[in-house]
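Look for chain A in each of the two complexes below; its partner is chain B in the first and chain C in the second.
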Partner chain A sequence: MNILLVCSSGMSTGLLVDKMLMEGEKRNIQDLKIVACSVDEIEKYISNYDVVLVAPQIRYKEKYIYALAMSKNKGYAIIDGVHYGLVDGNKILDQAFGIMRK
Partner chain B sequence: MDKEQIVFTIILHAGNARSYCFEALALAREGKHTEASARLGKATQELKKAHSMQFDLLQAEANGEKQEMSLLLIHAQDHLMNASLAKDLIKELISMVREKQLSSVGMNNVEQGE
Partner chain C sequence: MLERVIQFLERHLLPVVRIIAEQRHLQALRDGIVSTVPLLLIGSSFLICAFPPIPYLARLVDPYVIALLAVVNATFGIMGLVASFSIAYALAASYAIDALSSGLLSVSAFILASPFTKEGHIDSGLMGSKGLFVAMIIGLLVVEVQRFMIKKNIIIKMPEGVPLSVGRSFAVLLPGVVILVSIFIINILLAKMGGGSIPEVINRVVTAPLLHLGGTLPAVLIAVFAIQLLWCFGIHGQALVGTGVMAPIWLAFTQQNAVAKMAGEAIPNIICQQFIDVFILIGGSGTTLALAVLLFTTVKSNQLKALGRTSLLPGIFNINEPIIFGMPIVMNPIMIIPFIVAPLLCIITTFLFMTSGFVNKPYALAPWTTPAFVSGFLVTGDWKGTALQVLNFIISGIIYYPFLKIWDENKVKEEQEQIRTEQMNTQLPQE
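For the complex of A and B:
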């Protein structure tokens, strides 16, 4: 499964990538690819990913990202604020699997 | 809360504040000023939360507890400053939008209390 994390510069979500990958390793998930990018680069990346997770601090760009994700038939969600604040890779990985499109 | 969580929480609250500000501006442009000002109120609350966490860090440093500087912490500051500026500027923009809307319906004089 390929997960794309989007925030304003790809920096804070970059740290989240490590946490989620660690969690994926613990769960023994094969073929897990997680990448963080800035909202300005999303169009370049989105095609290669199954799921788009958006950091809550760029909620004000939601309309644009949502429309883009839908047009490419990708799973989409805004990361839960509490989980984001706690840098909870575990819960956020759950969220990603929850929105995966079959 | 560890340092990393503090930084993420600052980014979160600052980002929320910025989101609310932009929502407020969009609402004001549609003429929905009551809702716009409610959003600005929420933005203020979120900014307060972010500022209070930043203040705790500053306070700890002032008390001799050396803070580890990280790019991520600087990044959190970026978010906070952005949100702060967004709020002040958007407040002004909303007043301008309101003046324009009022003058376009010929009520400018009423608004200015003349």
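For the complex of A and C:
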């Protein structure tokens, strides 16, 4: 599964990437690809991913990202604030699997 | 009471925020101007090399100063010119108009609007921050004219079979002629009326009042208050207000400071991009580095202890989303108070120390991720810049400490309750 994390500059979601990959390894998930990008670059990346997770601090751009994700038939969710703050790779990975579209 | 205020603000503030964030022209201005920042960072490193703060090194680089400053000229010196391209490029891309030709057209229009020197050369003085607002206005207008003409179908259309790129380059011809001829006519009219040039008019009507307002202490206090308030709702205030609205003004001041340093003149502006990045956002929005250290060393609750471990390292690089969402500060009536008060106090101390001349005003730009205590020295070339960061760090720590204690006690109680209910549940007979 390919997961795209989106925040303002790709920095704070970058913290999350490693945690989620570590969690994926623990669960023995094959082919897990996770990348963090800035909201300005999302159009460049989105096609190659199955799921888009949005950092809570840019939820003011929700309308735009939501429309984009729907038009490309991608799973979409805003990351829960507390999970995000505690960089909880476990819970956020669960969230990603929850919104995966078949 | 406080909860009702929060609810009220969320209902009425968020829609406004959305509109600002998604407004196309504001977004193009932001994207266009932000794309000049890498050049400014490179220029800054050469500026620091040209004027090293240690006398011995200064003597050493003395023969190379002119060569070093050439790089500063090629970066800070053409900030306006570069922006005239990147702003038009960004706006055109958002309309799905051929962005490259819009950018090029805008550069041409920008140069045509900026009068040449008596010797017939491009006036380098108009290519930097003096040209920034000119570039903003021209960049947006160029694309709007283009879009209007495309919409009304006033373009040269190539027959089918002509390669797309050829067709596109023809499509830009008519709008290009209209734009350049209009500027040509305005130039002549302005000269006839004795009104000077387009940059002069824009500077008088737009730039001067904006910079005058934006450079005052109240303006910065209001801007940072807005940034903090947005973060309290979990919204990236710095991206919206800092980069989104204030960046052209703050970066124009940054450029003026760099130019003054190059010319060996006194540095004019206290308020500039570095003022915010380096002295106020120590550890991220809310001056939270001290809070991260306190979390790492003093708290008792398990959640906050865990938070201390995850937030200290990012905090050193001025990234603090873990604190903002993990504590959380968002919608937290206790922590919101120091989160707003600490940066505002730091603005006042920084302003006072710089107006009194005790600490040098910043002239170089550093990436916003540069760790505190290093960045203060880098941007001012003055060890007292670091001392001022330490002072702000301590002030913010003192402000956060009592509120953190209250929140920590709350959390400890919460965790104890949770353990108790869990114990009760395990004592209940299983179904």
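Definition applied: the second predicted complex is superposed on the first by the 102 of 102 C-alpha atoms of A that agree within 3 Å, B and C clash if a C-alpha of one lies under 4 Å from a C-alpha of the other, contacts with A are read in each partner's own complex, and residues count from 1 in each chain.
The rule is short, and it goes like this: a contact is a pair of C-beta atoms (placed from the backbone, for glycine too) under 8 Å apart; a residue touches a chain by one contact, two chains touch by 3 or more.
Computed from a predicted structure; not experimentally measured.
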{"item": "Clash or fit, chain B versus chain C on superposed chain A", "value": "clash"}
{"item": "Chain A: partner with more touched residues, chain B or chain C", "value": "C"}
{"item": "Partner chain in contact with A:L86 - chain B first, chain C second, else both or neither", "value": "both"}
{"item": "First (chain B), second (chain C), both or neither touched by A:P56", "value": "both"}
{"item": "First, second, both or neither for A:K26, with chain B first and chain C second", "value": "neither"}
{"item": "Touching partner for A:M11 - first (chain B), second (chain C), both, neither", "value": "both"}
{"item": "Contact residues common to both interfaces of chain A (with chain B and with chain C)", "value": "8-9, 11-12, 15, 55-60, 81, 84-87"}
{"item": "Residue numbers on chain A that touch chain C, as the complex places them", "value": "7-9, 11-12, 15, 40, 55-61, 63-64, 81-82, 84-87"}
{"item": "Touch list for chain B against partner chain A, complex", "value": "4-5, 7-9, 11-12, 14-16, 18-19, 21-23, 71-72, 75-76, 79"}
{"item": "Chain A - residues contacting chain B, complex", "value": "8-9, 11-12, 15, 55-60, 81, 84-87"}
{"item": "Chain A-touching residues of chain C, taken from the complex the two chains share", "value": "14, 17-18, 21-22, 31, 231, 234-236, 238-240, 303, 306-307, 310, 314, 319, 321-328, 330, 369"}
